[in-house]
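Naming follows writing order (A, B and C), and every chain is counted from residue 1.
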Amino acid sequence: MGEPGTFLYEAWIARYALLKGMAVTAEMSFIVIVIGTFIGLIGGLCLQYAVAPLRWLVRAYVDIMRGIPVLVLILFTFYGLSLFNISIPAFGAGVVALAAFCGAHMSEVVRGAISSIPYAQTEAAKALGLGFWKRFRFVILPQATRRMLPPAINTAVEIVKSTTLLSVIGVVELLLATQQTIARNYLVIQFYLAACVLYLIINFTISQLGALVERRFAYIKY
Amino acid sequence: MLDYNFNFSVIWRNADEFLTGLGLGLGMALISLLIGSVIGLLCAYGRTSRFAPLRALIWLYVEFVRNTPLLLLIFFVYFGLPEFGIFVFDKVESFILTLALYAGAYMTEIFRAGLNSIPKQYVEAAMAIGLTPIKRQTKVVLPVMFRITLPSLSNTLISLFKDTSLAAAIAVPELTFIARQVNTNTFRVIEAWLTASVLYLAAAYTIAIALRRLERRYAAIR
Amino acid sequence: MSTPLLRAVNIHKRFDTVEVLKGIDLTVEQGQVVSLIGASGSGKTTLLRCVNLLEEYQVGEIYLEQEQIGYRSQGGRRKRLREGLVSSQRARIGMVFQSYNLFPHMNAERNVMLGLTEVQGKPVAEARDIAQHWLDRVGLADRKDHYPYQLSGGQQQRVAIARAVAMEPKLMLFDEVTSALDPELVAEVLGVMQALAESGMTMLVVSHEMLFVREISSQVVYMDGGRIAAQGPPRELFGQPPERLQQFLGHFRGVLER
C-alpha cells in the first residue's frame, strides 16, 4: 500500500472513517428525502386543492423555507432547539432542518406536476362519477408522478449536496470525515477530490434510480 | 410552556454588521452571476463546437460541478489552490471564484437550453437578410435567448444569493457569519437567526419582484 | 305522457357578469335523442355541462327521473350537494367530450374498466367482460391493449363512448364529439352514436353535423343567445325554420341539400 504520506496509503488508513462518513451522508439523505417526499405530497395537495386559509398557510411555509438559505435553517434549528433544552443530537437537528427544507421544495414539485395535468382529465373522471380521492389516486397521481420525477430527482441530488452543511454543526458526514482525514495527513487536493468522487457516486446512483423509475412510467404518452 | 424573553437590543447594536453582511452577500452573488454568465455563455457555445474533446471537457465540468456539494468546492478552492502554489486570493475572492465556477456550470445548461429553444426561422430570416454569422448571433440569437432565459437567470441569482451563506464556513463576514457570531457572543439565539432569516427573505423577495418586473418588460417573444 | 327522464327548469347561468343561460326549460323523454344546435356561444355546451354538474348555475333546477340533481332546496335556499352525492349522480349520466379525454396512462380496456370497478364496485373479471363487450360494440375489440396515443382520434372517441356507456347510464351527453376529428374519421363515430340511438339510449347531443342531427334526433332544440329560440321534431324545424334559425342553417346549406 505504498509509503506513509502517499495518497493510497493514507486512504487505506482512513478507509473506515471515510466509508462511515459516506454511510452517514447516505443515511441522512435517505431519511430526509423520504420524509421530505411525504411532506411534499401533502403540501402539494394542499397548495393545489385546499381551502383558502390552509392553502395560504402551506404557501407561507413553502415560500419561507425556499427563501432562507439551508445553512441558516440548519443553524437556527440546531441552536434554537438546544436553547429550549431539547437535547437533540446534531444529526436529529439536521434531519429536522433538511426535511423541512426538502418538504417545501417537494411541495412545489408536486403542485407543479398536478397543475400541469389538463383539467379535462379531472372532468372526464368526474363525469364517470369518481369522487375526489379516487380521481386523484387513479387519474391525476399516476400522470403527475411521471411529470414530477425529473424535478424530484434534482431535488434529491440537492439534498445530498446539502447534507455537507451539517458538517458545520458537527455531524461527521462525508465532508467532515474528509476534513478530519486531511487534518491528519495534509493531502488536501487528493482527499477533497476523493470526496468529490464519492459524492458523484451517490448522486449518480440517485440519477440512475430515477431514470429507472422514469422508464417504468414511460408508457404514459400524450 | 417554554418561556423566552425576547431582547432585540443586541440586534440594533449590531445592525451595521448585519446590513454590511447582507450587502456583502448580495455583492458576491451579483459578481458571481456576471462571471458565471460569461463562463456559461462560452461553454454553451463550446458545446456546439465540432471539436469533440472541447465538448467532452465542458460536459465533464458541468456534471462535476452540478453533482458536487458547493461547500466541498469552496473548501477545495480555498484550501486547495495554495497547495498548487496559488496564494493570490483572499477569502472573499476565493469564494467568489468558487461561486462563479459553480454558477457557470448551471448557466451553461440554461444557455444551452436557451440556444436550443430559439426558433430556427429567426436564424434563417437573419441569414436571408444577409447578416454575417457574428451579427446573426449578436443581433438576433443573443437578444432572443436573453429574453427566453431571463426567468432562469432570476432564479439563479436568488439561489446564488442564498448560497453566499456558505461563505460563513471560511469566515467571510456575510450575514450568516454575523448571525452566528451574535449568537455565540450574546446567546440571543432566536433574535440573531430570526434577523438573518428575515433579511434573507426580504432580500430574496425584493430581487424576485424586481426581476419579475424586468421579465415582464422583456416578455419573451412567442 | 310518462314522466320525463330529464327535466331542466328555468336554468340561469352567469360567468361573472356575463349571463350565458337565460332561463332554459328543457325536457328529454325516455329513449329520445334531443339535439342542441346553435352558433358557438349560444350556450349549448354550457347547458350540457350543467346537466352533468360540471358547471354550477345560479338559478333553476334539473331533475333526473324526478330527483333533483346537484342542489337541494333548504328553507327556500338552494345548496350545492356534497361531493359524494354529486359523484353518484354523475355516475348515472354518461358524457363524451369534444377532446375525448381518455386517461393517457391506461390502455383502452382499463379506460373502460375504471368506472366499473371504482364507481360501481364491480369485480375486475366482470368489469373486464363488460369492457370487452362495449369495445366490441364500438368496433375496437382488437385494440383493447392500445394506449390512447396509439389510437386515431376516431378510435379514441369510440373508446370514450364505450367508457361512458359501459356504466349503463340513464342518459348520455355528447358534447361536439366530432368537432376535433379529421373529416374522414367523423363517420365512424357518428355510426356508433346512431347504433346507440337505435338501441334505445336516451341522448342529449350538441353537434354541428346537421345532416346527422336531422337523421337521428327526435327533437331538435335551437339555441340563440342563451335562450331556446325554437324547438321541434327535425322534419318540422328544418322544414319551416323560423327566421333566425333559417339564417343559422344557411351556413349548412350545402350539407343539408345533399
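Going forward, a contact is a pair of C-beta atoms (placed from the backbone, for glycine too) under 8 Å apart; a residue touches a chain by one contact, two chains touch by 3 or more.
Every value quoted in this text rests on a predicted model; they were computed, and no experiment measured them.
Chemist: Which number of steps is the smallest that gets you from chain B over to chain C via touching chains?
Modeler: Steps on the shortest route: 2.
Chemist: Could you pull out the chain whose C-alpha mean position is farthest off from that of chain B?
Modeler: Chain centre farthest from chain B's centre: C.
Chemist: If I average the Cα coordinates per chain and compare with the overall Cα mean, which chain comes out closest?
Modeler: Chain closest to the assembly's C-alpha mean: A.
Chemist: Between chain B and chain C, what is the separation of their C-alpha centroids in Å?
Modeler: The separation of the two C-alpha centroids amounts to 54 Å.
Chemist: Can you work out the whole-Å distance between the CA centroids of chain A and chain B?
Modeler: Computed from C-alpha means, the inter-chain centre distance equals 21 Å.
Chemist: Averaged over CA atoms, how far is the centre of chain A from the centre of chain C? Could you give it in whole Å?
Modeler: Taking the average C-alpha coordinate of chain A and of chain C, the gap between them is 47 Å.
Chemist: In their shared complex, at which residues does chain C touch chain A?
Modeler: It comes out as residues 52-54, 83-84, 87-95, 97, 99, 101-105, 114-115, 118-119, 147, 149, 160, 163-164, 167.
Chemist: Which stretch or stretches of chain B touch chain A in the complex?
Modeler: Of all residues in chain B, those touching chain A are 2, 4, 64, 66-72, 75-76, 79-80, 83-84, 162-166, 168-169, 176, 179-180, 183, 189-190, 193-194, 196-197, 200-201, 204-205.
Chemist: Taking the touch rule as given, give the residues of chain A at its contact with chain C in the complex, in rising order.
Modeler: The contact residues of chain A facing chain C are 120-121, 123-132, 134, 138-139, 142-143, 146, 217, 219-222.
Chemist: State the interface residues of chain A toward chain B in the complex, per the touch definition above.
Modeler: Touch list, chain A to chain B: 64, 67-72, 75-76, 79-80, 83-84, 157, 160-165, 167-168, 175, 178-179, 182, 188-189, 192-193, 195-196, 199-200, 203-204.
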